[in-house]
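Here is the structure we will look at, set down as structure tokens.
Order of writing sets the chain letters: A, B and C. Residues in each chain are counted from 1.
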Amino acid sequence: MNPATFEKGMVFFLTILTLLVSSLLLIILATVFAKGLPALHSGFLIEASENFGREGGIIYQLMGTLILMTGAVLISLPVALGSVIYQTQYLKSETGKEICRQFAQMLNATPTILFGLVGYLFFGVYLETGVSWVTGSLILAVMILPTLQVSIREAIEALPDQYKDAGMALGLSPWSQIKTIIIPQCYYGIITGVFLGLARAAGETAAIMFAATTFSGIHLPESFSDPVPTLQTHMLVLTQEAANPEALAQAWSAGLVLLSLVFFLTVMAWILRSRLKMEAEL
Amino acid sequence: MSPAIQIKNLTVTYGSIKVIDDFSCEVKENSVTAIIGPSGCGKSTLLRSLCRMNDRIEGFNLTGQVLVQGENIYHPEVDVYELRRRVGMIFQKPCVFPKSIFENVLFGVKHRIDKKDCNPLVERVLTEVNLWKEVKDRLKSLATTLSVGQQQRLAIARTLAVRPEILLMDEPTSSLDPESAADIESLIESLKTQHTILLVTHLHEQAEKVSDNLIFCNIIR
Amino acid sequence: MWVFAGLNLIFLCCAGGLFLFLIFESYPIFKLHGFDFWLGQDWWVGEAYGALPMLYGSTLVTALACLLVLPLALAVAIFISEFLTPTSRRCVKAILELLAGVPGIVYGLLGVSFLSLWIKDVFGLLDGNTLATASCLLAIMILPTVLTLSEDAMRSVPAEYRDNALGLGLSKWQTATAVVLPQALPGIMGAVLLGIGRAMGETIAVMLVVGSLDRIPDPWFNIFSSAQTIPSKLGREAAEAIGEGTHWSALMALGLTLFIMVLLINFIGNRFLKRRSIS
């Protein structure tokens, strides 16, 4: 067959295939909207759930998710920032850097349920934080550590050497270099990492389902040892009641809220990343 | 007899940047034409326009006519792939595929010729570029093991295997050492008996040595 | 400086500690059963702990998902990297990145509400929660990741190769398959392996649609029967056993097995990706 004709056929076929794959997002979005909107009444976001989640709103679940992910980022950020600064600014040995890189890859690849199990045992039992939102935040903090590290590392490595040279020429100590040059210049990279980390933490279920959450009974945590309800585990419980249409409808609505949250955070990260690129080109 | 290439009022723009402005010329058959000028003046763009290599660049826009052997190559019904077989192109940086020397020579024709014609063809084109003696014992070894000068000659052989009538060369010697460059220059002279050659170069000396005609490019604002 | 070194140490401890913890916690079960743990076919809490059904389920589900994803990802990656204009390319990549972020629980909900019902109806089964359902769902989940990484691998083949091939009169399609694809292959392999690693560790979505039946399907290739994967088993049972006892230790041994499998796959995958960046 004539290559040009053959190519036209292939391109036609692949266009359809690519459109199909891209429309997957549209299909998922459309389904979640179609299923989630009917049960989404005006008070959904600000009412408590009733009758084992089959009625009412999701205010406490939403709060729980927000508490866990914020806690996770607050714990994870200093560790990520510190370890990346150490690896890029202080650590000289190539082997040392390679080991750190391997460990980060390992952490990134670990199945999330293992974070849940080991994290619960380590934090919850040995450090006696129990089934609580603190345990959940700690577990998620470990989980999103590599995500934050990657963003921060990219930002730091994108810094032109002139900055560092200029800093050294001014006689700045390593510490004041970090304070006055690296952290301000990598601001957008750090914030991008924070948003990606938040998005990852918000979407995670398996890591927190034993260690930090409860289905009903508790509203807002009153102490460090209280568990919280979350959107993810709320959905999980309701989904397992698949035979009950009311529960399923509530699950879809919760899914709609969760999906919006994750997409919002991802898009924020993109916007900040493009800011980062613009700054780099200046 | 019509000229091999005729360019009429050619204007090329990338987005809002005008690279070639209202350019016209004719190129005789079986001659060497050198295009010289400062870098960034549109030499490469001109050359690439002659075998429609610019088509896939975003924002590329061309007006005017380019006739190759009397045929307008920007006519919508032209088969671009067939055109590129008639108008071969050699690039600045020698680029061989990570396959054997033998396979590299046949890369452009392997779907279109019989198995039994392969060996004679490889020998013929490698002899034409004076590479046969150097590589005949190791045709099966990786082409990337050749020296840069040999790689460029292999790239020319690969293009010759497709039997183009016109050869476009975009600074073919700029990444080579002087000795290999001299090899390529003498090769150009021997190829001119059967091919129409357009050569982009930034070396006046080279242009005067090998070419029959000169085209000067100036920066067009 | 010591502050930063300390923070780095915390990070290293998190990663290393996880592994040591798993070994430590699963030691009792290996002391009890030895390597028969991996060969046993029965899992009765309090009596027998055999990991084979879960191992088999995890492997089969992942392999099937991979088989579904590979041709699709390859074809679409070729199209995105070789035939799309830069603007539409960025657009598709953005869509893929969003897709990759959809939480597992949302996929689970979709699987329960649609996929498992479809599979039940189309193949006339009694129960739609099968190996095949889980594989399809996983394939959809890892497709964006595999696709983006494969496309990156193809884009990283230098433009000169394309120019040279096109200059010889090859069609764009021939250029893509004969020049770009072979050179991008290690990168694509790496992408697929990373995808497999992710699929193997996925808990929630699989747990909801795999049927959670702790036995090897009969016959072994019957993909339309319910089965169990390691993460799903952990998700189902860990809450009952948490903290101590042989049951917990057995679950941790399952976790250790999963960890090692995923790590190996990832390690090989990253090796492929790295080889690409060197050459």
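Here, contacts are C-beta pairs under 8 Å (C-beta built on N, C-alpha and C of every residue); 3 or more make two chains touch, one makes a residue touch a chain.
Quick caveat, the model's predicted, so the values are computed rather than measured.
Asker: Hey, what chains does chain A share as contacts with chain B?
Answerer: Where chain A and chain B share a partner, that partner set is C.
Asker: Measuring from CA centroids, which chain ends up nearest the centre of the complete protein set?
Answerer: If one averages C-alpha positions chain by chain, the most central is C.
Asker: Between A-C and B-C, which chain pair is linked by the larger number of C-beta contacts?
Answerer: A-C
Asker: Starting from the Cα centroid of chain B, hunt down the chain whose centroid lies farthest away.
Answerer: Measuring from the centre of chain B, the most distant chain centre belongs to A.
Asker: In whole angstrom, what separates the CA-based centres of chain A and chain B?
Answerer: Spacing between the chain centres: roughly 52 Å.
Asker: Could you state the distance in Å from the CA-based centre of chain A to that of chain C?
Answerer: Using C-alpha averages as centres, the distance is 19 Å.
Asker: In angstrom, rounded to a whole number, how far apart do the mean CA points of chain B and chain C lie?
Answerer: Taking the mean C-alpha position of each chain, the two centres sit 47 Å apart.
Asker: For chain B, jot down the residues that touch at least 2 other chains.
Answerer: Residues 81, 111 of chain B touch two or more partner chains.
Asker: Considering chain A alone, which of its residues make contact with at least two other chains?
Answerer: 3-4
Asker: Multi-chain contacts only, two chains or more: what residues does chain C have there?
Answerer: Within chain C, the residues that touch at least two other chains are 170-171, 174.
Asker: Once bound in the complex, which stretches of chain C touch chain B?
Answerer: Its residues touching chain B are 85-87, 158, 160-161, 163-171, 174, 178-179, 182-183.
Asker: In the complex of these two chains, what residues of chain A are touching chain B?
Answerer: Residue positions touching the partner: 3-4.
Asker: List the residues on chain B that touch chain C in their complex, please.
Answerer: Residues 51, 53, 58, 81-82, 84-85, 88-91, 93, 95, 97-98, 107-108, 111, 155, 158-159, 162.
Asker: Along chain C, where are the residues that touch chain A in the complex?
Answerer: Within the complex, chain C contacts chain A at residues 1, 3-8, 10-12, 14-19, 21-22, 25, 72, 75-76, 78-80, 83-84, 92, 94-99, 101-106, 108-110, 112-114, 140, 143, 147, 170-174, 194, 197-198, 200-204, 208, 231, 234-235, 238-239, 242-243, 251-252, 255, 258-259, 262-263, 266, 270.
Asker: Please name which positions on chain B make contact with chain A in the complex.
Answerer: 79-81, 111
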